[in-house]
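What follows is subunit A paired twice: with subunit B in the first complex and subunit C in the second.
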Partner chain A sequence: MNTRYSDKRSLSVRILSIIGKVLILGVTSMFTAFPFVWMVLSMLKTKTEVMNPNSFFPAVPQWSNITKVLFDSNIPKYMWNSTWVSIVIVAIQIVTGAMLAYALVFLKFRTNKILFTIVMATYMLPVAATYIPSYIILANWNMLDSFRGIIISSTVSIFGIFLLRQGFMQIPKGLVEAARMDGATHWRALWEVVCPMTKSSFITFGLMNFISTYNNYMWPSLITKTKDVYLVSQGLRSEFLANTAVNIDWALVMASSAVVIVPLLVLFAFTQKWFINGIGGETGIKG
Partner chain B sequence: MSTKKVKRKYKKRYDKLPTVLFFVLPALIPLIVFWIYPISRSIWLSFTNWDFMTPNYKIVGLRNYINLFKDIRFYEALTNTLIFTLGTLFPTIIIGLILALLLVKNFRGNGILKFILFSPWITPTVAISIVWTWIFKVDGGIANKILQLVGMAPYSWIDKSSSAMFSVILVTVWKSLGYAMIFYLSALEKVPGELYEAGALDGASSWRQFFDITLPSISPTTFFLTIITMVNSLQAYDQIQVLTQGGPAGSTKTLLYMYYQLGFQEFNMGKATAVAVVMIIITATLSLIQFKVGEKWVYY
Partner chain C sequence: MAEIILKSITKEYENGFQAVKGINLEIKDNEFVILVGPSGCGKSTTLRMIAGLEDISDGELFIDGEKVNDVAPQNRDIAMVFQNYALYPHMTVYQNIAYSLKIKKVPKDEIDKRVKEVAASLGLEDLLDRRPGQLSGGQKQRVAMGRAIIRKPKAFLMDEPLSNLDAKLRGQMRVEIADLYQRLNTTFIYVTHDQTEAMTLGTKIVVMKDGEIQQIDNPTNLFNYPENKFVAGFIGTPTMNFFDATIVEENGNLYLETQDGKITVTEAKETKLREGNWVGKKVVVGIRPEHVMLDDEAHCAFKGEVNVFELLGSNAIVYIDTAEGRIVMNTPHVKKHEHGEKIYLSVLEEKLHIFDPETERTITN
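Here is the complex of A and B:
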């Protein structure tokens, strides 16, 4: 962009600015990566080695720490719980969100604007303010401490509605009208005309909400009490607490955290661009 | 008007109704049950003395609010929330912008750096806060080891009330840097190149270009990020729950954490919902400002 100008700068200034740039990027990315690196190094140590701050690298990598977490702990079960619950929740959220977004964009009705304002206003409120009454509702429905309760209280994503609405508005209205002329129902117009054209919005919606549901902690931890229905964050937290009660084995704690974190990092490595679309795209709204 | 005409008009107005309802209700019903009703119910409960255990309760008017506003812990939580919010906001926005400025031009390794810087945002806060607890450990933790290596005195991190808030802020900034960076990257890419060309022709220095062209062009993003970071800070829970549980001595207890303790540990629902209403008012005010100011800006 401003290459013409940079050429005018003296060589020393240019070298200095490159050094500065490398330094800033180096320090911040080391700061960012460090907890991950330290977690992996710590999980491969023995129980005594991990407590010794002078040993940076494990003398002999203790892979058994990982196998212990994978085969002798509840962590894999919690991960499975989080995985399938998140998939079910996101699938429902996509259907409800797409239908509402379709109505907002393509169905002309009188309360259209009011409805959008209501959705918008809901988005602005702190979700925690709903927790006490929502808890009571689930208690009355006998759904506390169950997967059903977690799922049924998260069937709508307001972020997703915004994201899809934004995508749908880019589609020429004529296309939907043409499909309607050909005899397609609104239902078919949504899934066979609109959806394929806004595939990237749907993928972004799915991935971002999958991750946030998978990681979700506060609400699921308030409504569940038995280990069988813990999602991964609460499960990890409870293992950690149980561990701190006795003589804590930090290597094992780090191994548990790593088993939870690493698959997410791998998933993220392959899907990064969809997240960037979701955050930096036209919507500018966070989930 | 004849009745026929009225009927036809009626029909025209309502024959779309089933379709509209079919498309709207699957989202609207849960939205009402788990968002709109609970919010209004919270506001209602804040005027009662309900204790969760007994089914009966009395309307006590403003008593919960009066008690709250007399409670020194409320002001401590309010101050903590403010410190936490501002302490997170400035580093996130400033470092996020610097990173975006350095990464906006493509170079070798650019992609991997973006990946590293953005990765904390998708990791579960609980899991990574456990890792930070381990890093922060006063004896045997790596953070103090590093301080020792560079010749600095050991720090108390999450062990003392004087340093716990700083540690929680550090973790939160660590987690949100990449998010701010991604936002700024997409804003910077949208600044028209001609602006810089014109600036260069006028002989503007890099600094002048930054302050006269870049900064004004991305100001809507800065504004949006400011609001969203503040709203998120107000709702931070996971890292506080794992790192400090609001302690030591209440030094990291924010409004949300106070709400959680009042509601789900002490079952003082009246007072808890009064805190919730305070949070609703703060968030709604911030969002309204965002909405009103945002309207004036042209996003491109």
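Here is the complex of A and C:
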């Protein structure tokens, strides 16, 4: 009797816990996804419909909003700017980050620990505190209001160094030593032995920094004023929101926002598997 | 094919700990040198300094006459087999073996030919497409050797390459390494803490302790003529028995007096003991278990009680508690001795090793 009672009890507890989990996850997901869903729905609404709290779905989908964004605005140009600048920045960040992380993990030198502390200390620094010195440096180098300026001021990512270091630390040092004995330079050991074994860390690093660079608003808007060198967030603002607090066509803003994130979604779809691994610290090496 | 010379090589870590203390070692072409010693004796550190994986704090290292203290590992042209094999998990067996040639930019056809040759010589032909994760310990070991062999390096360094294998496989691989040495005819430096490996593989054995070399010799000499008590105790299984004795003189002859009896000192040893003024003094005496035998009460050197009897098939190991402490006997007589049985032991006098109790250096072997 007792066993049966406890069986029943444990069954009901299990059902309750499943319902609880589903509820919590469901509600959280709804909260997370709602702005996205709302954006997608709003981009197909008319200007007045967007501001009407009673209409959730568009009465008649306004596909013209998308064509307007794609063909009658500068948004595609800004997207292109953001995309290539982000690719270049991320590529440089991967090389610099991997080199520093390799040195921190695999090379023995006296100041190794101090160097890591300094690197981490700069991570603690509020970004805003670096704006003025960075601005002055770029001004001195004559690189304000240019792609070069945007790129050169983002060549090192502390977050990336940290992420790669954590990944590299999972690799037995013997492997790098074996590569060295096989005749590999540190450079080769990094790219031919360490990198393939920490692929997920690299992909996570690349993806996260691509997203943040692609969406970056504050810093590029401080150092650029010509529309030609605008990145997408800045472009979006200048296209539909700048110099006006009224009469904003929110449907177009939503359509632009939706179009703008398409490259990111595509990228995420391709790298999702690695992305999750990289965050979890899994490097694909077992035992 | 390389001659490697270590001159006063020292390794000191940042915290001041000296792992290797000014060792001198000359390794000739085609020698199979074994660095052996207990954990922490500095043998692996020495090997890693030769490889270039550890900086040399002091002293000079020469390979083929060229000083290489500051030469990067990839430029020393020596191959190394690691304890945990260190195979690249993302590459196939083929790619693992071929990697060093790929770095050297050897043409693809040549790489292919050489990989296949090496694979054939190590029985790896069917495994070339596999990744290390799909291999057994012994197979990984072979791949690691293949990776070293294919380069035809000046010297092979091996850091406890068999310690991750089970006993049977270890025996097998030991034979394969010996065979490889015969075939390749090049310099081998091999680190192990296993004295069986040391004795069976090496042409020259370097016994180390606490960062210092205790003795450099061939296996036979090391076994028969240890230079100090540590080497005597380290080489040989079961380990040598040690007991205290006093050198006494009776009727012009010298004897070793123990608590239970007397052991005659042979003429050769007598001369050495007299030369060193040891008569009347205490010494430490060593005797290998195989040189201890049963005797009768009147002639025995030790009386004791059997503690443990281990039958190994063709021989037996008997552990006997005596007034001098535990004495181990390795005997071909396999008749079982019961626990607590009283037995009387004597020793082969010419096989005694006598040590200075203070410095532990050998007085006579």
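We adopt the following convention: the second predicted complex is superposed on the first by the 214 of 287 C-alpha atoms of A that agree within 3 Å, B and C clash if a C-alpha of one lies under 4 Å from a C-alpha of the other, contacts with A are read in each partner's own complex, and residues count from 1 in each chain.
By definition in this document, a contact is a pair of C-beta atoms (placed from the backbone, for glycine too) under 8 Å apart; a residue touches a chain by one contact, two chains touch by 3 or more.
The structure displayed is predicted, hence computed values, not measured ones.
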(request) Applying the touch criterion given at the start, work out whether A:Q272 contacts subunit B, subunit C, both or neither, answering first, second, both or neither. (result) first
(message) Quick check on the superposed pair: does A:V88 touch subunit B, subunit C, both, or neither? Answer first, second, both or neither.
(response) neither
(request) Go through the superposed model and pick first if A:I203 touches only subunit B, second if only subunit C, both, or neither. (result) neither
(message) According to the stated criteria, A:L264 is in contact with first (subunit B), second (subunit C), both, or neither; which is it?
(response) first
(request) Check whether subunit B or subunit C contacts more residues of subunit A in the superposed model. (result) B
(message) Let me test your reading of the model: by the given contact rule, A:L115 touches which partner, first (subunit B), second (subunit C), both or neither?
(response) first
(request) Have a look at where A:G183 lands relative to subunit B and subunit C in the superposition and call it first, second, both or neither. (result) second
(message) Considering only the contact definition stated at the top, list the common interface residues of subunit A for subunit B and subunit C.
(response) 110, 286
(message) Under the definition above, what is the set of subunit C residues touching subunit A in their complex?
(response) 14, 51-53, 55, 72-74, 78-80, 82-84, 86-90, 99-100, 103-104, 133, 147, 151
(message) Show me the residue ranges of subunit B that touch subunit A in the complex, using the header's touch definition.
(response) 13, 16, 19-20, 22-24, 26-28, 30-31, 33-39, 41-42, 45, 95, 98-99, 102-103, 105, 113-128, 130-132, 134-135, 140-142, 144-145, 174, 177-179, 182-183, 185-187, 193, 196-197, 199-200, 204, 206, 209, 221, 224, 228, 231-232, 234-235, 237-238, 241-242, 256, 259-260, 263-264, 269, 272-273, 276-277, 279-280, 283-284, 287-288, 291, 299
(request) Within their complex, state which residues of subunit A touch subunit C. (result) 108, 110, 172, 174-175, 177-185, 188, 192-193, 196-197, 285-287
(message) Quick check: in the complex, which residue numbers of subunit A touch subunit B?
(response) 1-2, 4-6, 21, 24-25, 28-29, 31-36, 38-39, 42, 51-54, 95-97, 99-100, 102-103, 107, 109-110, 115, 118-119, 122, 124-134, 137, 152-156, 158, 161, 186, 211, 214-215, 217-218, 222, 232-234, 236-237, 240, 250, 253-254, 257, 260-261, 264-265, 268-269, 272, 275-276, 279-281, 284, 286
